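Next come two complexes, and both contain subunit A; in the first it sits with subunit B, in the second with subunit C.
Showing the complex of A and B:
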């Protein structure tokens, strides 16, 4: 007897099945938007796709009347710079702290309690302190992202470092390797792909911190724009921005995965694509 | 299929078209709207609703802009908001709205604070932290006019009201525009000066209860019950007898301060405790002239939408006349119900 648990869709069917929920959502949206617009043509809650394209055209391809800038691209640029700096610094710090505390028991004993405490502080709650200490400029936004995701990356890297089989470390020592050689030649190459994995997982949180920081004090950025136009319920601007953020998040995730694949071929020696 | 979906969604997403006898209104924390908390708590709203054979649910929403958005989306029949937000959110969103109760105007509750100088003209070239596109932004524009400047002379930085006080204590910030209770807290910091406040623009920042015009036309009982409950509450909380002090103490505590703090806020608010006072402003030319300025400011900042060719695109009807397109009136100052209250007909 054929059981459901054994049924496997072919590649083509599988792709189509995946589209069904998306299409249903899209249809639901279109019907809802049409119904609301029929009742009130100026309704702003569920704009039509035509209104979306007008909003995108206005934000992305026409200079702003007040500043002469292309707002959409200015927003995207400032947000990506903040996100890139924040996540980049967090990964670097996370790598250093994670590898050192993972590989060297003395360093672990010294820093582990601090790392645990720091990772438990909700970063948004201490935002006013960041503002007072670091000012209101770019620095406080980048630092918010950094302290938001660094502890997660550091703790993950620490755990992965500890998981490296001790046989490898002992073998390296019998071959005469000293501590720094072991760190750089044995541990680091195996940890780099894990660092990319951890960074990919923390991207979602990083976007959250970015948008929160931009909502509080800012003059540009994707989060700034969303919270500004929310003031007059301009969903025709907000929803394309949300879609754009989703796309950017997807792209950055994909780029990281690609980097990992190309730069660390030894990570897939067992044939499994991670 | 599509039609069926549309039908289902119309039923789910739009206010019911069937006759009904239960209504929802929302309010958010602000000195001039706190009386709704008291009216709800003490059963005054219920009493008046019962008198007209309906039910009114009074809901407090913690986020001011969200409350207006919910009203605009049709989740609430009436909501508290300022005159400017009534124009730029529901009216610009095509929801025909009526100012049912003109409750008060800001008479010093909104202000501009500068660090290290008490001269407004020194604001030139500075960064100014404020909630962009709010009444603070409007007040700044009005203030700059008085010293022959425009917004181009300063750099506006959008800042969340929740973080305004924390932000002000940093060295980066030298100028803010905000409202009470934040304003008094910031003004009390060292070397800080209120260089301009809404007492210089009396009657321009008006706090009101705004109701959906269609709902009001269909269910006048709702308008009568709300206005009746409001002025009963007003009569209770004004004055100096024990009951009034008790009411104000309750309102102070409900807004996160105490009797003294609440009375300090009341001092910079021109409350209309009687319908006659509210009518005097509503029927005067001041409202018409104010709304014209507000509409021009809103148009300049793109708040009336892209379809708007000029500031008069959305018509605003007041007892003293109509500003803008009379074919597209979406915001009305209607004195009918306040008049009923003044004449004791409720």
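Showing the complex of A and C:
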């Protein structure tokens, strides 16, 4: 095995190789932080890990002096509710629109042009409209996320619906099924794992819209906080928040993947028994 | 029972089937062979109702066949005939569940219990009882086609349409399937139409063999003429000798080229 293209690391080596860039990055950061703090102890750009833990302590485990709330948890809760509502509503709408347009040619002919146009509108460009029409409260943020990811989910579900072999639809008809029975018993159950896939793929965009909306108009939330403390160059707060957002994004993706695995055994490649 | 009255099928200038007139009685088992692209699958689709005739008429009991798949005509395709998200048992129970009126297509209570008994009896018959709780993805190709047949027959169709159902199976398993199919055909009194590209299967399985081929051929316009049924052979009385003669006769046609 001389050629690089044929070299394959073992599992253990593979895991260690993956850690190397992360460790190097961490070491570089620590060295940079130490150098800057040695020069100027009041430097804010690259805080030390001690400063991080103090900031986390202050944000997460001490009540705010002004409001008496534990800001970190309040921010997390507000953001997750907005994200959950936005993504949840978008998935539900996307499922209904996608299945109906995918399965029924008449509905597809009726709504496809509209869906294509809507999916091409940059969601952030209509954020001012949402603020004007819906006000600056929770609703406009949830609607931004919904509008932002719904067309993607709907179009993906539409394609997946059309990919169901026509043999199955014909077979169901020869068993006597009517249209609603085909939708509910043949198409919908087979689309559910695809819906979870589409939702997982849209989570990144959903976080983007959430943080953008919170950055512009909000009084709490993870995105609001990092843009607020930016004014004080509070990297000791921003970086832990970014790490926390990353972890939340990873966990929500993992939970959805797990749900899909547990709820749809027929969709696994190994074809498990019920 | 089925009258095929001067049926033509064409797509634009491309004539696929040309002036076919035949009659099929209840309980016949018609196997259809022919070169690929000769229109035998198109003919099956006309019977199924997914395509409509261009000229002529297809009648079932004197009435034109509904141009939409329905419960009087069961179908087994080469693949994708079963529902991957249902267990083997649920796949068979889907037949009575989808046959009832209603929105959801689910069975409840006593109806469900009796459907389950019926489905289990059918699985017993096709030899799938041990796999009742498995999903189709974990079944072998032969088992999946057994399931597809069981599912189609649970809906109690009068006509069973088979579109190269055993084309993807190993020869040994194919023989088992032939035994099963003949047994079901005889005991249920079905009328069966089967498309196959396996000549031997076509000759040995049914009670009547149709060979689809083009009678006329224009080399400058290969699509100008459609296929017809060039041989219509009763198979039950056929001896080994006439079988060989027919095979030789077919050798001159495009079928075996």
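Following the convention adopted for this analysis, the second predicted complex is superposed on the first by the 265 of 274 C-alpha atoms of A that agree within 3 Å, B and C clash if a C-alpha of one lies under 4 Å from a C-alpha of the other, contacts with A are read in each partner's own complex, and residues count from 1 in each chain.
Simple rule for what comes next: a contact is a pair of C-beta atoms (placed from the backbone, for glycine too) under 8 Å apart; a residue touches a chain by one contact, two chains touch by 3 or more.
All figures in this text were calculated on a predicted structure; none of them were measured in a lab.
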Subunit C versus subunit B on the shared subunit A, clash or fit after superposition: fit
Which of subunit B and subunit C A:9 touches, first, second, both or neither: neither
First, second, both or neither for A:232, with subunit B first and subunit C second: first
Subunit B versus subunit C as contact partner of A:18, first or second or both or neither: neither
Touched partner set for A:131, first subunit B, second subunit C, both or neither: first
Which of subunit B and subunit C A:63 touches, first, second, both or neither: neither
Smallest separation in angstrom, by C-alpha atoms, between subunit B and subunit C in the superposition: 45
Contact footprint of subunit B on subunit A as seen in their complex: 27-28, 30-32, 34-36, 39-46, 54, 58, 65, 127-128, 131-132, 135-137, 215-219, 224, 227-228, 230-233
Subunit B residues within the subunit A interface of the complex: 2, 5-7, 9-10, 13-14, 65, 68-69, 72-73, 88-89, 92-95, 129, 131-134, 155-160, 162-163, 166-167, 169-173, 302-303, 305-307
In the complex with subunit A, residue positions of subunit C that touch it: 48, 50, 68-71, 73-75, 77, 79-87, 94-95, 97-106, 133-139, 148, 151-152, 155, 157
Subunit C-touching residues of subunit A, taken from the complex the two chains share: 165, 167-168, 170-178, 180-182, 184-186, 189-190, 264-274
